[in-house]
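After this come two complexes, each holding subunit A, first together with subunit B and then together with subunit C.
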Partner chain A sequence: MIDKLEDYYTELHTSVKKGDLWTRLSLLIMGIGYIVRGQIIKGILITLAEIGFFTFTFGFSMHYILKLSTLGTVQREEHLDLVTLTKTVNDYDNSLMILLCGIIGILMILAFLHLYIVNIKKVYKIQLRKENGKHINSFYEDVKSLLGKKFYIVLLALPSLGVIVINIIPIIFMACIAFTNYDIDHQPPTYLFTWVGFDNFKSLVTLGDSTTVTFGYVFIRILIWTILWAFFSTITSYFGGIFLAKLINDRNTKWKKMWRTLFVIAITIPQFVTLLLIGKMFGDFGIVNSFCESIGLTKLLVKIGVLNASSTCIPFLSSPGWIHIMVILINLWIGVPYQMLSATGILMNIPKEQLESAKIDGASDMQIFWKITMPYMLFVTGPSLITAFIANLNNFNVIYLLTSDYVTANMQFANSNAKESDLLITWLFTLTNDYSNYKIASVIGICVFIICSVLTIITFRKMIYGGREEDFQR
Partner chain B sequence: MRKRFLSLVVAAGMIMASLTACGSGDKNSTGDANKNNGETQELSDEEKQAAIDNLIANTEGTVDLTLWCSETQEYQDVMSELVENFKKEYKDVDFNITVGAQSTATCAKEVLNDVEAAADLFVFPDDQVNDLVKAGALQSVDATFTYDPSQTNSEATVDAATVDGKLYAYPLTASNGYFLYYNKNYLSEEDVASWDNLLAAANKQGKTVGMEFSGAWFLYGFFAGAGLEVYMQEDGKNYCNWNATDTEYTGADVATAVTNICKDEAAVNCSNEIAQAYALKGDMIADVNGTWATSGFMEAFGDGYAATKLPTFTVNGEQVQMSSFAGYAFIGVNAYSKNTGWAMLLAEYLSNEESQTKIGIATGEAPSNLKAAESDEIVNSPAISALLDQSRFAHLQRVNSNFFSSGGTLGRALKEGEYDDVQKLLDEAVEGITQ
Partner chain C sequence: MKTKSDNHVLRHVFLGILAAIWLLPILWLLVTSLSAYKGINTMSFFPQKWSFDNYVQLFARPDTVANFPAWFKNSMLIGTFTCIISTAFVLMVAYAMSCMRFDGRKSLMTFSMVLGMFPGVLSMIAVYFVMKLMGLTNSITGLIVIYSAGSGLGYLICKGFFDTIPASMRESARIEGANELRIFIKVIIPLSKPIVVYTVINAFLAPWMDFVMAKLMIRSKDPSDWTVAMGLYNLVQKNLVGDYFSLFCAGGIIVSIPISILFVLMQRFYVDGITGGAVKG
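Right, the complex of A and B next:
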């Protein structure tokens, strides 16, 4: 790493030191080194890019970058002239814009600096080629090589741009908001928000002065539930899917295609519809409860002490514990068909010879399943299992739609605008959507990001690194 | 989801970027510090006419305005009709007015999502006034030009639209709030006078009475009725003395009273749609609800359909009248509107007596205009007269969202009645409400 950095700067140093007049002039006008050596179009394009960068920075983003340290100082003031019925507004600062455009501006500057340094080295190389009498590519040849030998650059350009715009800028942006006081009392464009350092993180990890108003108490509990949920929902639908696929694939099962189709239909109905419907069905006054009551199940549960004597219904989605188990069970309905489909494909691909030779050796069906089928399945689906786990950490739909009617009975959760069944992601949503508490939501967002990325890196390293792919093929 | 949220944030940011990029350049900085001193300014009739004439003279090209109002067909139709009339009123100006559908319940949220892209005018319930003012989204009504809202509307309505002594919206209807629907085939007027009688009568007939006890909005009726308070203070935090021990009825007294009602077998804690379903089935013969449920209960109770003020309830052996939140709908003008002047004139037009009567007849919502409220169609509706009756005991809803989170949990705890120390429960709830 350090070697590379050293090379980077030595190269730059030699380029500037040993470069001739034109190469050095390229420090000022970036394209000039190309133009004098015959690469006219390339030179013009690079100079245009340079001009474009300076206009962007000094005409637009510098304005915001300079204000980044305070996030704006001039609050909006308006005045309605009652004689002409027209309104005048002062030239106010918008903290959100300053933050966003400031970040974009700084990223542009960094990108430009890199381009600038690379450019000098390139120009110096061309100078060397010219001196040594080697061939210098014309613009046409450059384009040709981009579409031929270097086509990967063209291919990757768009995705990289997408990653920067869709991922990197928002992540930096969100990370920054976690250090501000952006909440309901500081909403741009009318009001300003500003930097508050680590205050929001402190309020999330400390218990504070108050005994009940504490995000820390709720945060740790929601974090634990989020991980439990992701683990159990992934495992249950994974094994559920495999067993279902085995069941349908079994040679004694008739109408295989029909069963499979039925479960695929379950996928095609939008989750919003199914989940809202199931949520209503399992509500305190829902159809399941009235059924349980009419067959006497509710009374039975009261009698054996599972429910309180005063209960008139089974609190499927209205009591902690019940709600946790129910969402995992209901999630099976959503998750199993997908797992079944992928498991079906993989099960069909298990080498027949292996299964047959195991049978000849006298292995039972159970032994075959645990010794051959499962290891094979686990190996093939390992990475997708991890993706499923990560996706379940952020499984917004199931939790939010099923528990939207649930009112928590725990005052400490209520005081932090959360409930026991919340995942970090749904808590984050409630905080932003209903309580405009962007600062705490950003801190939670950062936590989710860290958890997800650490888990992904660790597990993918274990699964894919170390040539384990060849392991199986042997 | 995280990515979706982020991209939304950034997308919103980008949109704002493009808007401010073209907008901020030509906004003139006001040299004079001519701030409003808070009061609506009194202009003479000549000045008012002159202001309108000035506005017409200074208007070039098409005036684009967007109006958000409730998504129901009745609302959309009557608003479109009124907008057409408004255009006829100012024939010399070329208008392009769009009527958009926006649920009033989530209006403030939508407006605050991106105030610069939101509609120029929007209809919203009065409990959103504070959030909107707090975010600077409402144009204050510094002066009016065609009529004076503070003269024609009831005082309570105008108060509800006023924040810090400044009028921020044009009163439109006075129909938000709750009261008691009941089936007069089963219940007499005496039965619906108190919770005790109501529950006894329901029990005798094997029927039920509904109310969303676990909703902070409804729970307020008990505590406020007993003289306890919750409201938002100037610093934006709630004041709440529901845990008071030195009041005529202490918080613990009221809490115990609520639990006693909920323990009754006839009392069912349920939300609006479930209550309507039960009423339709014939199980439920009374429910605490609002005007939005009118058609549902009309259908369910048939010729027994009736409505009245909320019943009294027993605290420490005494009968106490339940209170409630009073609610109004307003028209607000977006502070970021590009055509503030025209938006204000349109808001005035839509909320004047004639328009309010038309809206009231079309939608069944009681007008806030005193004269419009006296028209026959409006006086003859049981729900509206029940609401007006209850409004004598109703208070303005001035609380921030923390009230609903912690208050709802308090309601649930009281409904289940499984607490050991009621004072501790109330203390914790108050701490959450006032955080």
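Right, the complex of A and C next:
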């Protein structure tokens, strides 16, 4: 890593030092080195790009970059002119625009700097080629190489641009918000927000008493529940799926295809439809409750003390504890068919010889399952199990759609705009969408990101750096 | 021998019970969509009075809260364009990552993986501000950009598939003078039909399923600007659910039919895709 960085700069150094007049002039006008050596179109294009960059930076983004350190100082003031009755607004600062355009401006500068350095080196290389009398590519040949060895540039250009606009800029932006006081009291354009350092992180880890609004208590409760949820929902649907796949694919089971299709139907209905529907079914006055009452289950639960005497219904989705168990169970309904499908594929791929020889050696069905099938399944599905765990950490749909009617009775949670059933991700959504508390939401987002990315890197390092990806290309 | 045949019966009965649990909510969705009563039926599973009116209302009588034809048109537009753009993006990135070798490829892959782990919900509000800067909020174009622009990150399964295509096929095409563009379009894509179908269907379905992003981006109060998911979600909110629940069910059935068909088509590829990618772990 450091070697590479060193090369990067020594190369730059020699390029500038040993370059001739034209190469050095390229430090100023980037395209000139190409033009004098015959690559006229390329030279003009690069110079145009340079001009474009400078007009963008000094005509637009510099204005915002300079204000980044304070995020603006002039608050918006409306002035009503009593004579003409027209409103005039002063030349105010918009912290949001300053931050966003500042980030875009800085990214542009960084990208330009990199291109600038690469450009100098290239110009120097062309100078060397010219001196040694080697061939210099024409514009047509350059274009041709873009479809050949350099085709990846063409392929990756547009998708990368999309990712930068939709993923990278928003992520940097939100990461910055975590260090500001951007909330409902500091909303642009009317008000300014500014940098506050680590204050938001501190308020997430400090446990105050119940009179002050601290997010610490709720944060820890929700963090624990999020991890528990991800663990149990992943494990239950994983084993549920394998169990179901074994059951259906057993040679004693008839009509295999029909069974499989029946379960798959359940996942073909969009989740927002089924989840909202099931949420209504298990509501306090929903159909499941009427059914439980008519068969006397509600009374029975009151009698054995599971419910208190005054309750008239089973609070499936309206009391903590119940709601936690119910969302895991309902997630089983969503998750098992998926797992069943992928487990079916894997079970069919188990090497037949191993199973046969185990049978000949007199192993029982159970022994074969635990000693051969399961280890194979775990080996094959290990990475996808972690992916599923991460997906469940961020399982927005199930929690949000099922618990949207639930109102918490716990003041601590209510003060923090959360409920017991929230995951970090749904809490974050409520904070931003309903309460405009962007600063705390960003801090939560950063925590989720750290948890997820550590898990991902551990899992996939092997896959990418293990060098096994070409095994199957032979 | 007797215990064994008992076992067989038990096994099928058990499967039957499980299947019933999985199908009950869907059956309820179907029968409620055929109910003459508009609210939630809490007392009995089947409606007291049957009627086909919900479906008629859905298509023929759009009102101030439920404008299904407009929702369907919007979702269809978004789905189609998203599908074209994201399929192209995914295939392009997968080809670059799988079949070409260049500096920084592995670090780019790690980077994209980490990026993909960032909770989308978090950056959502920032995406909203970026879109606002470009003047694309409240529009279908904006939603298409949001659903498709980042799709290049989802190339992994597709790359896994490309990895299994023998490199010798590319080599021989290269010797015959084909450039990478030709190899990509004439050699790799035709060999990857399953994964192309999988990508196309997935890309088409994503906007139909999502309602959070749509809700955030489209702030318009006019139902004719909404997508199917947004509109249906709105119908079961507290103040509307009493009058529109069976209509919600009918809408749910209507969207589910094309999605189910696509899904059944995709099922084979789904299994292939997952296992194809997983075996390499």
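One rule holds in what follows: the second predicted complex is superposed on the first by the 440 of 474 C-alpha atoms of A that agree within 3 Å, B and C clash if a C-alpha of one lies under 4 Å from a C-alpha of the other, contacts with A are read in each partner's own complex, and residues count from 1 in each chain.
Everything that follows uses one rule, which is that a contact is a pair of C-beta atoms (placed from the backbone, for glycine too) under 8 Å apart; a residue touches a chain by one contact, two chains touch by 3 or more.
The structure presented is a predicted model; accordingly, all values stated were derived computationally and were not measured.
In the superposed pair of complexes, A:Thr408 makes contact with subunit B only, with no contact to subunit C. Of the two partner chains placed around the shared chain by superposition, subunit B and subunit C are both touched by A:Ile166. Contact with both subunit B and subunit C is seen for A:Ile425 once the two complexes are overlaid on the shared chain.
By the touch criterion defined above, A:Leu277 lies against subunit C but remains apart from subunit B after alignment on the C-alpha atoms of chain A. Of the two partner chains placed by superposition, only subunit B is touched by A:Asp434; subunit C is not. By the touch criterion defined above, A:Leu244 lies against subunit C but remains apart from subunit B after alignment on the C-alpha atoms of chain A.
In the superposed model, C is the one of subunit B and subunit C that contacts more residues of subunit A. Contacts of A:Asn132 after superposition on the shared chain: neither subunit B nor subunit C is touched. Looking at the shared chain after the overlay, A:Thr84 reaches subunit B, while subunit C stays out of its contact range. Taken together, the two complexes place residues 96-97, 100-101, 166-167, 169-171, 173-174, 283, 285, 394, 396, 405, 425, 428-429, 432-433, 445, 448-449 of subunit A in contact with subunit B and also with subunit C.
Contact residues on subunit A toward subunit B in their complex (touch as defined above): 60, 76-80, 82-91, 94, 96-97, 100-101, 166-167, 169-171, 173-174, 184-185, 187, 189-191, 210-213, 283-285, 308, 310, 394, 396, 405, 407-415, 417, 425, 428-429, 432-436, 445, 448-449.
Those residues of subunit C whose C-beta lies close enough to touch subunit A in the complex are 7-8, 11-12, 14-15, 18-19, 21-23, 25-26, 28-29, 40-45, 89, 92-93, 95-96, 100, 102, 106, 109-110, 112-127, 129-130, 133, 145-146, 148-153, 163-167, 179-181, 184, 208-209, 211-212, 216, 229, 232-233, 236, 238, 241, 245, 248-249, 252, 255-256, 259-260, 263-264, 267, 270-272, 274-275, 277-281.
By the touch criterion given at the top, residues 96-97, 100-101, 144, 147-149, 151-152, 154-156, 158-163, 165-171, 173-174, 177, 244, 247-248, 250, 252-254, 259, 261-274, 276-278, 280-281, 283, 285-287, 289-290, 333, 337, 341-342, 344-346, 349, 379-384, 390, 394, 396, 400, 405, 425, 428-429, 432-433, 438, 441-442, 444-445, 448-449, 452-453, 456-457, 460, 462-465, 468-474 of subunit A touch subunit C in their complex. Every residue of subunit B that touches subunit A in the complex is listed here, in rising order: 1-3, 5-7, 9-10, 13-14, 16-17, 20-21, 24, 27-30, 32, 34-36, 41, 43, 47, 50-52, 54-55, 58, 109, 112, 115-116, 131, 134-137, 139-140, 142-143, 214, 236, 263, 270-271, 274, 277-278, 335-336, 340-341, 344-345, 400-402, 405-406, 408-413, 416-418, 425, 428-429, 431-432, 435.
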